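Two complexes are shown next, each including subunit A; its partner changes from subunit B in the first to subunit C in the second.
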Partner chain A sequence: MTTKVRLCTLWTLGSLLLLALFMGRYEIGVQAIFQSFARLPEVLYCLASRSPLPEDLTPEQQVFLLLRLPRIVLALLIGAGLALSGAVYQGVFRNPLVSPDILGVTSGCVFGAALGLLWPQGGWLWVQACALLFGLAAAFASMTIAARLGQGSLLLLIMTGIIVGSMFSAGLMILKTLADPYGELPAIVFWLMGSLSAASWSNVAQVLPLALFGYALFHLYRYRLNVLCLGDRPSQSLGLDPVKLRYGLIAMASCVVAACVASVGQIAWIGLVIPHMVRTFTGSDHLSLIPLSTLFGGAFLLLSDSFARSAFAVEVPVGIVTSLIGAPLFAYLLFRRQSQGGHHA
Partner chain B sequence: MRALFLCAALLCSVAFTAAGQPIELTDHRGRQVSLPQPASRIVSTYLPSTLFSLSLGLEQQLVGIGQSDRQQRFVDQLLGEHDPIAVGSRTAGLNLETIVALQPDLVLMHDKKDGIRLAAMLEQLGLAVLLVKAETLEEVDATLGMIATATGRQAQAQRVRQANLTLRNELEQRLQGVAPRHRSYYVKRDDLFSTASGEMYQHQMLQLAGLTNVAADLRGFFPKVDAEQLLRWQPQLLVIEDDGLNRPQRQLQHAGVVPLRQLPQLTLPADSLWSMPSPFALAGAYYLASQAYPQRFATAQDQNVLADYYQQIFNRTDLLPKALWP
Partner chain C sequence: MLEINKLCCNLGERTILQDVSLSLKPGEFLAVLGANGVGKSTLLNCLLGSADITQGTLLWQGCPLERMSRSERARTLALVPQQQEVAFSFSAEQMVLMGRTPHLGAFQSPSQTDLHHARRTLNELGAGHLARCQFNQLSGGERQLVLLARAMLQSESVLLLDEPTNHLDFRNRYHILNTVKQRCREHGTSVIAILHDPNLASMYADQVLMLAQAHTLAYGPSADVMTSQNISQLYGLPTCSHRVMDQEIFMPQSLPPSSATNIAIVTGPSGSGKTTTLMALYAHCQQQKQPVRGILCPGTMRDGRRFSSEIINLADGQRRPFGQRTDELDPITNTRFRFDPHGLALGQQALSPTSHHPDTTWIMDEVGPMELEGQGYGSTLAPLLALPGGKHIWVVRPDLVERVVQRWQLQPAAVIDAADSDALTQLKEFVAL
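So, the complex of A and B:
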């Protein structure tokens, strides 16, 4: 990654972050935002220790610290997590058309969330726990079946992913038919469309550890991921165990995806296309692809969500915005690359 | 009826009602909600709570409503020039910043798990949130009382209750001695094969209208049945929720269930909103009864009962479905 690219990326992300801080339906001035930041540690401490919030918080500070800021941080984390996992999946499967839901993780998460919603007992945490557990169960089932059927075959892994994903999709359809169309069904649809409208610091706390750990791991393994992309025999000749490495990376990427989907629902496009877009100007080298996909994924979801929450008084489903912004942008990048005589990696 | 009032009284426990005293309420989830004074800026986040607010004459107090509430002619007519901000929907999400920016002193929210979660977030921001549940006639009455207390509209709530009591008595009187009752099959607005189970509000409505729900033994929400099951039930008439697109009627033409095509069809008008629980939903039962047993509702006076009912609740009759206009 050249210094120019690094600077350009950081500048873009910084500008977007600044823009997002000031965008919203509730009018909050510059001074109030700076004052809010000064109160952030105190508020976070109160939330973490479950003690009452400071009584002298102004309405602007409350809205900024309890609604807008956690939503911005969560958008960055979810976008980064999905794009990062997408880049790893595509590298492991040596296929740029692979998305993080190839092993049925997303289907498992949405099924789990729907089950949690229909279950008479339990609150929202129970719903999220179900989503996470079933997402991980889907990935585990896909990998276990594939490992039993054929040692390390990528094709088998994709096929078992399709099987497991279909099973959970069928389960979801059953749950949808059982749901009250005016009661639980809208909440299930909410999960299917994905939204950050109810983002809170507790969501951030749920996603942050896995996202950070996932990034640290993939960053450390990005050299090995490059070797893995050469194929199994070259990897073995260079001292790697491709099967173990592949399963380990997929398991971790699945954990990150499950954490993201369990927190905000299914958000399409980012995991598939952001790594693809980044690859159009960095190539397939994971040394650049991993950090840049992470940054651009976060920036992209932040931009989309800022529009989704600020453009109108009502929420626009963020999946619609990611597609509307992402599709033309991606087409433009492809067009530019082709017109420059480049080949898509 | 006494049970209804008792239920309302239990659910809506008011500790202080004297002027200047805080209003203490317990909502359907057992949450304690305190209001310093009757709410005058209200955000209703979904259609049923909007209907309750409008039935209590709170048009001008509504500062925010659900995303598609205004698409209903009934809501649009009652709001008139007043233009509350749309705050989102359950499927696309509610815009919490928009809600806070409206500075409401009361937010009405559904009582499902996602509603409970959002209520907790809004409470953290200092907003009073009432969780609303209105899936049976008893719950409708309790909810009416709760919102009326929160907004200081007890007198209007009493008017609505009185109108409902009168209409119900009238209905029971007209249907006295009807035997055997018509066996009816309830059709959901977009699917001929989705019907009302025995645990749904629509089942209650059919019973009040003097009809027997052939799917009373089913459980769940709008369960799907197949054509053979439908024929086996041998319904004598179809009660169809109209959505203006005639989808069930078209299914009926193409489904190959010939005996069903010949059955009489009673249609709940699309713009009536009688197919969902609300303070004026009893009108739906009366309307169905008048269509199912026309000989018992034959006089000119009977034709005006619903107009009187709307007049009593809303002080106007043009809110009646267009199909019932003279």
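So, the complex of A and C:
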């Protein structure tokens, strides 16, 4: 990674973060934001220890500390997590068109969430637990079937992913037909679109450990990912165990995706496109691809969410915004690359 | 020293390798030869640990390979794989750098020193200018150099080359193998290379292992093993060898024939006397004691068209009935003739090139539509043309002459119209030439 790329990344991220802090329906001044930050440790401590919040918080501070800030942090985390696992998936599958739902993780999560929503007396936490559980179950099922069938070939893994994914999609259809069309069905549909509007510090606490652990692992293994891209036989001759490494990386990436989807719903594009975009800038070397995808994924979701919550009178589901911004941006990058006569990564 | 003792490898029910043994000293170059699918790649896979061995031992410096860790094994045995597209584009120097992987810890990335080594290896191979190029955009020869550089950076002990000369042009083929050979001499690296060209093997290899149907056909020093007999057996292709500049060159015995010039075509419309002229020629040759072989098919005419015919084996003058006109169109031969099986057999026998004398004139009466489609006696014609020193006279209908000439790549010495008054004289001249 050159210093230029590093500076560029930091500058983009910093300005985006600053922008996001000030954006919102409720206007909060610079001074109020500084004062709010001063109260942050106290508020976080109260939340963690489940004791009542301090009573002298101003409404501005409450909006900022309990609504806006957790939402910003969650957007960064989810975007980073999805883009990171997308980059890992693409590297492991040696295919730039792979997205994190290839093993049916997303379908599993969505099915789980719908099941949670239909369950009588299920709370929000219950929905998320279901989503996480079924997402992991889907990934586990795909990998187990593939491992049983053959020596962990890539093609087999993709096919079992399709099998498991379509089973869960069918399950979701069944749940939708069973759902009450006035209450439950719209809830499922909105959850499918993905939204950060219910973001809270507890959401952050759910995603953060998995995302951090995942990132640490991928960061350590990122050079091995390069070698794994060469294919099984070459990477084996270079001293790796491609099958074991692949299963390990996919399992971890699936955990991260499941955690992300379970907490905010399905958010399209990020896992597929962000790693791809980063690759068009810096090449395929995972040494820089892994950290940059993570940063840009976070930045991109933050940008999309800020736009979603403040651009129109009504909040737009963020999944729509990511597609609306992401698709043309991606097309532009492809065009630019083509006109430079560059080789498509 | 690398030793393989009685290696067996089964894939399910199928035996891929059976009792293969070899030993390789430092600096030795072993070529593995064999037809497609006889387990050459499996042999490399066994060494790399990606195929399970059923029996036997693999030893490096007396230590079983199975007891080595993956990275230890990779530091000893380096593979130059067959050319591959990489899904993501890495630069050439990144590709080479990956050769350092087994020397790194699990969480480690290559250092500047490693990068320096990678560049130096590329420079040593004369490919330093490629360092920044994208691997996927390199030509076949350049890619092979990069993969070779990677393997060299990976290990100095043993190089495994999987068909290294595939897709390479004439120059690059020798360039790659020269580089490898030089490496053997300078660093004492042992090399196992799967090759498809026996000539390259005899030029570069110290030892040759020939694999046929899972077992060893021949193994030993190149000079002892590389014989045309072994190679014929190995590929099931009759092979001969020629000595060129102190080097044994192997080539197949039968190469596609160049255009045949030793042929005369007798043509003319039905009833113009083609067969009659040739009968006269046959009598003349017997008189002159000139060897004649082949077939003649004199016919009886009725109502101005051929009614039936006989076949004569010119070797011994034996005659048999051949064809009989019927009213039905035979769906197989697409003619109105019904052929006699004994007559057909006689013709087949007459046209088989046993005990061929170099001066023999082969007469073929006639090359018709069936022969053009590969039926009838069509399949016997090419082997006859390939015989050394023979002469050929073919009877062909005027409308088929062009197609026959094109089909068998002929450059006829003469096309003779049987109706010409001097047709027989011309034929006699052709035979006497």
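As a working rule, the second predicted complex is superposed on the first by the 345 of 345 C-alpha atoms of A that agree within 3 Å, B and C clash if a C-alpha of one lies under 4 Å from a C-alpha of the other, contacts with A are read in each partner's own complex, and residues count from 1 in each chain.
Convention: a residue touches a chain if its C-beta (ideal position, glycine included) is under 8 Å from a C-beta of that chain, and two chains touch if they have at least 3 such contacts.
Keep in mind that what you see is a predicted model, and the values were worked out from it rather than measured.
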Overlay on subunit A: subunit C relative to subunit B, clash or fit: fit
Which of subunit B and subunit C A:Arg224 touches, first, second, both or neither: second
Partner chain in contact with A:Gly123 - subunit B first, subunit C second, else both or neither: first
Vertex subunit A angle, Cα centres of subunit C and subunit B, expressed to the nearest 10 degrees: 130
Subunit B versus subunit C as contact partner of A:Pro209, first or second or both or neither: neither
Dominant contact partner of subunit A by residue count, subunit C or subunit B: B
Touching partner for A:Pro328 - first (subunit B), second (subunit C), both, neither: neither
Partner chain(s) touched by A:Pro54 [first = subunit B, second = subunit C, both, neither]: neither
Which superposed partner A:Leu287 touches (first subunit B, second subunit C, both, neither): second
Subunit B versus subunit C as contact partner of A:Leu238, first or second or both or neither: second
Distance in angstrom between the closest Cα atoms of subunit C and subunit B, superposition on A: 38
Parts of subunit A lying in touch with subunit C, wherever the complex brings them together: 91, 94-96, 220-224, 226-227, 229-234, 236-241, 279, 283-285, 287, 343, 345
Complex interface listing, subunit C residues touching subunit A: 45, 48-50, 70-75, 77-79, 81, 84, 86-91, 94, 98-99, 101-102, 104, 106-110, 134, 136-137, 154, 160
Residue ranges of subunit A in contact with subunit B within the complex: 24-27, 53, 59, 62-63, 66-68, 116-117, 122-124, 127, 177-184, 186-187, 189-190, 193, 195-198, 200, 309, 313-317
Complex interface listing, subunit B residues touching subunit A: 67, 85-98, 100-101, 110, 112-114, 116-118, 121, 124-126, 135, 220-222, 224, 276
